[in-house]
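Each of the next two complexes has subunit A plus one more chain, namely subunit B in the first and subunit C in the second.
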Partner chain A sequence: MSLIAFWGAVELGLVYAFVAIGVYLTFRVLDFPDLTVDGSFPLGAAVTAVLIISGVNPWLAATVAMIAGAIAGLVTALLNVRFRILNLLASILTMIALFSVNLRVMGKPNVALINADTMLSPFFGLGLRDFYVRPLFVGLLVLFAVVLVWRFLESDAGLSMRATGANARMARAQGVDTNRQIYLGIAISNALVALGGALFAQTNGFADVTSGVGTIVVGLAAVIIGETLFGARGILIALIGCVLGSILYRIAIQLALSSDILGLKASDLNFVTALLVTVALILPRLRRGGAAS
Partner chain B sequence: MISVSDIKVVFGKGTPLQKQALNGVSLTIEEGQFVTVIGSNGAGKSTLLGVLAGDVIATEGQVRIGTADVTRQGTAARAGRVARVFQDPLTGSCGSLSIEENLALAARRGERRGLSASLGPRRRAHFRERIAELNLGLESRMRDRMDLLSGGQRQAVSLVMATLAGSDVLLLDEHTAALDPGMAEFIMTLTQKIVSERKLTTLMVTHSMRQALDYGHRTVMLHAGEIVLDVAGDSRKDLQVEDLIAMFRKMRGQTLDDDALLIG
Partner chain C sequence: MRSLLLAAAATLALALPAQAENVTVSVTAIVEHPALDAARDGVREVLEEAGYKEGENLKFVYESAQGNPATAAQIARQFAGDDPAVIVPISTPSAQAVVSATKDIPVVFTAVSDPLGAQLVTDMEKPGGNVTGLSDMSPVADHVALIKEILPEAKTIGYLYNSGEANSVSLLDVLKAEAEKAGLSVIESAAIKSADVQGAARALIGRADVMYVPTDNTIVSALEGVVSVAEESKLPLFTADTDSVSRGALAALGFNYKDVGRQTGEIVVRILKGEKPGDIPVRVAVGTDLVINKAAAAKMGVTVPESVLARATNVIE
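Right, the complex of A and B next:
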């Protein structure tokens, strides 16, 4: 693997770290399997791309993308909490609807951002080579997000969100409005995922309506790899695990695809992804001793 | 003070499975009074507790806790007034959170929860002190996950959790039923100590007639959704477990007779 390919993998891993943190919030903290992310990731990319092209400041564009993602999350929460649709199904409905929404937002399946100014533009040409600038920039944003989410989850408000996922009946007896926690948690999660999409569009120079396929699997893979490597040792370690898991996942994929011996093609990506996630899911169970029951 | 007046609860109204769980129950508990509630399965004990806690919204009647009418309030909305220990130790606390996190959660029961850190040094010290009072050695395990504790230890911590924030009533839902006899006794002694020290208005549902007579100031027996016995003071002192068993027998005999009539 070349240096550029390596740093490219790190960069992509950092972009998807936002997805991993979002998935951690829904799957692990709220115990709510939320597949909305397959739609909110390209939504973030689409909103950002269209706004940047029409001359909006890229930072503002990313902020609007986050709001759009949060709204998508709120729709899923509404379907589940208000209308009692099974959580998984509620998120699939939103995800499917978002595919059309994203096409409407962009007006076509693919929008290019080649010559437009992005959040990264001011940092290019400062002496550092572009393929370092991108992961560095995204990495700083990830760091910021990790600290914010960590402090939130260790606050009184965050504790009530964790209790909602861990034991909703107990949480209500302690005066926690569990429904509100679900709305809030899924909104934050999808806002983070949409920010990931916004950064994806800005670092790669395009937004594509199909870029969301499998987002949930990638996010889950990162969370599980992180857990496998670091175990359950508190919120901060888990969040760092999400980030490193996301980067390691990308490097593993890059290695698999660039190895001549395996003879894999880019089109084998989804298969390799599924295989990796399956292994990551089975591994902790085998390590815990005995066969999977 | 808490009062329920003419509470009726019907489950599955209008369906073939319609069940009248409470049929016009009225009960007033004075401030600082400790009431024990007994009754056979399906008598309405849990429903009465649920009506007070907010898990069950009464079909008819009124529920007042302290100065407020809470009849239509859900569990979370009235949590500031109601402290509670559940029958199942797993229900009353979060297994995946640490002991101190569970305490931090309970310390803000019924209050607005902000973005400040849930566990500062002062709170940690306070929680450690309260847990040390249990003499279970848990004060050195404050960062352990709750699910590493035994059922009895979890109930003891739940009792502490119930008293960290103020409340107008403490509800105990057969909170020793899932424990071994030794631990059950420990928890009851602890309950007695906490309730009398803090002068808590308490309603304890129990399966044990011994407990129902040995603890508290007043005993209420429910049957078929109605209060059939309400004793306090001297008449309660004279009451023996055998008397209660005899009453249970009589009650069951009545339902048998009713059934016999229906079938005949």
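Right, the complex of A and C next:
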């Protein structure tokens, strides 16, 4: 694997680390399987691209993208909490609706940003090669997000959210408004995913309405890889696991693309992903089995 | 024995530098389907004719992103790191990913309808930088004329497309303008994934006099479903992709994507011979084939006029 390809994989892994953290919040903390992310990722890309094209500051564009993502999450939560639609189904409904919303936002399926100024533009040409600048920049944002989410989950408010996911009835008995926790958690999760989409558009030069396909699988794979490698020892470790899991997932794909090494093609990627998640799921059992015997 | 080994080693050592002169051409497409694959094969053919033989002095790398822009971005980084002589991205998202991944490796994009709108180049005549390529803007005006010639009494064209594909959406605007000039109206029916295609085709029954499919990756990959609707309901099916005719469409007027690939390959060869991509203007591919399927026409209740058959490049009985 070449240096550029390696750092490209790290960069993409860091962009999708926002997805992984978002999926961790819904799947693990809230115990709410949320497929909205397949729609909120391209939503973030679409909103940021359209705003940047119309001259809005890229930082502001990314912030608005996060708000849009949060709103998408709130819709899912509303369908589930207020109208009692099964959580998985509620998120699928929002995800499907978002495809049309994203097309409306962009007015066409693909918006190009290749020649536009992005959040990264001021950092190019400062001496570092572009392929270092991008992962470094995204990595700093990821670090910031990890610290914020970690501090939040360790706070009293975060404790209520964790209690909601762990045992909703018990949480309610302790006076926690579990409905509010679901609204909040899914909004934060989708805001992070939308930020991932916004960064994808800005680092790769385009927003495409098809870019949401399989986001949930990628996020889930990252969470599971992280858990397998680091165990579930506390919030911070789990969050770091999400980030590293996401990076490792992309490096695995990059290895599959370096067809000279393994004889794999890009068309084998789906299989590699399935294999990766399966191994990650089986590994802890095997370990336990090994310890028992 | 020892000297024999030495001689063998020396021969190997001599042979190795020749190997090192290999050029690498890396090709990527957003998805695998017959037209895009034909474009890739066209590139390879021209390279071979120009003396670049795979396995001898050419390393031809091909990766498909399986319809996923994130994978396209990763393939682009892979190629940028491999540092090949030329990168050939096929389709809009693949081209955008490659163009933002490298500012110095020569890029020859192909099968992109609107290179300016996709921001691949800022000037078609003098692209500058490291990017040039070939547009496959469909000859929509000729399509409308062909429909009128074969079906003079048709009033409404049913446009079957994926509203998520950039090329198809820009072609819809062109079609509406051309149809209006010819006194026809257009109704659209969208399918966002291949499983929806047959349903979208059925939605046109009774509302359109003819079905028209642009160079749309989603519709073309599920064309058999469209063909069965066309035959059941006697709704003549025209396509912009000529490979679709042998799969059951009535007629197509369009680029033979092997030819588009060949024209792309010619640009690649010029760059391998030392020309700068920035000096090579971006062109719309030339040459269209008219392909007619008489058996399909009969099933859809259409008799193709002799005048059309006479100038067809290929007639399938």
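In this section, the second predicted complex is superposed on the first by the 282 of 293 C-alpha atoms of A that agree within 3 Å, B and C clash if a C-alpha of one lies under 4 Å from a C-alpha of the other, contacts with A are read in each partner's own complex, and residues count from 1 in each chain.
The rule we apply is simple: contacts are C-beta pairs under 8 Å (C-beta built on N, C-alpha and C of every residue); 3 or more make two chains touch, one makes a residue touch a chain.
Bear in mind that the values here come from a model prediction, so they are computed numbers and not experimental data.
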Next on the checklist: Just to be sure I read the superposition right, which of the two partners does A:R104 touch: subunit B = first, subunit C = second, or both, or neither?
Outcome noted: neither
Checklist entry - Taking the superposition as given, does A:R84 touch the first partner, subunit B, the second, subunit C, both, or neither? => result neither
Next on the checklist: Quick check for you: in the superposed arrangement, does A:V218 touch first (subunit B), second (subunit C), both or neither?
Outcome noted: second
Checklist entry - Of the partners subunit B and subunit C, which touch A:R233 in the superposed model: first, second, both, neither? => result neither
Next on the checklist: Let me test your reading of the model: by the given contact rule, A:L113 touches which partner, first (subunit B), second (subunit C), both or neither?
Outcome noted: second
Next on the checklist: Applying the document's definition of touching, compare subunit B and subunit C: which contacts more of subunit A?
Outcome noted: C
Checklist outcome for this item: Both partners, subunit B and subunit C, contact subunit A at residues none
Checklist entry - Where on subunit A is subunit B touching in the complex? => result 151-152, 154-160, 162-163, 166-167, 169-178
Item to check | Interfacial residue positions of subunit C with respect to subunit A in the complex | outcome: 32, 61, 63-71, 73-78, 80-83, 92-93, 96-97, 99-101, 103, 117-120, 122, 163-166, 169-170, 192
Next on the checklist: So in the complex, the part of subunit A that touches subunit C is made up of which residues?
Outcome noted: 1-9, 11-12, 16, 99, 103, 108-110, 112-115, 130-131, 200, 203-206, 208-211, 213-214, 218, 250, 253-254, 257-259, 265-267, 269-270
Checklist entry - Touching subunit A in the complex: which residues of subunit B? => result 53, 74-77, 79-80, 82, 84, 86, 90-97, 101, 104-106, 108-111, 113-119
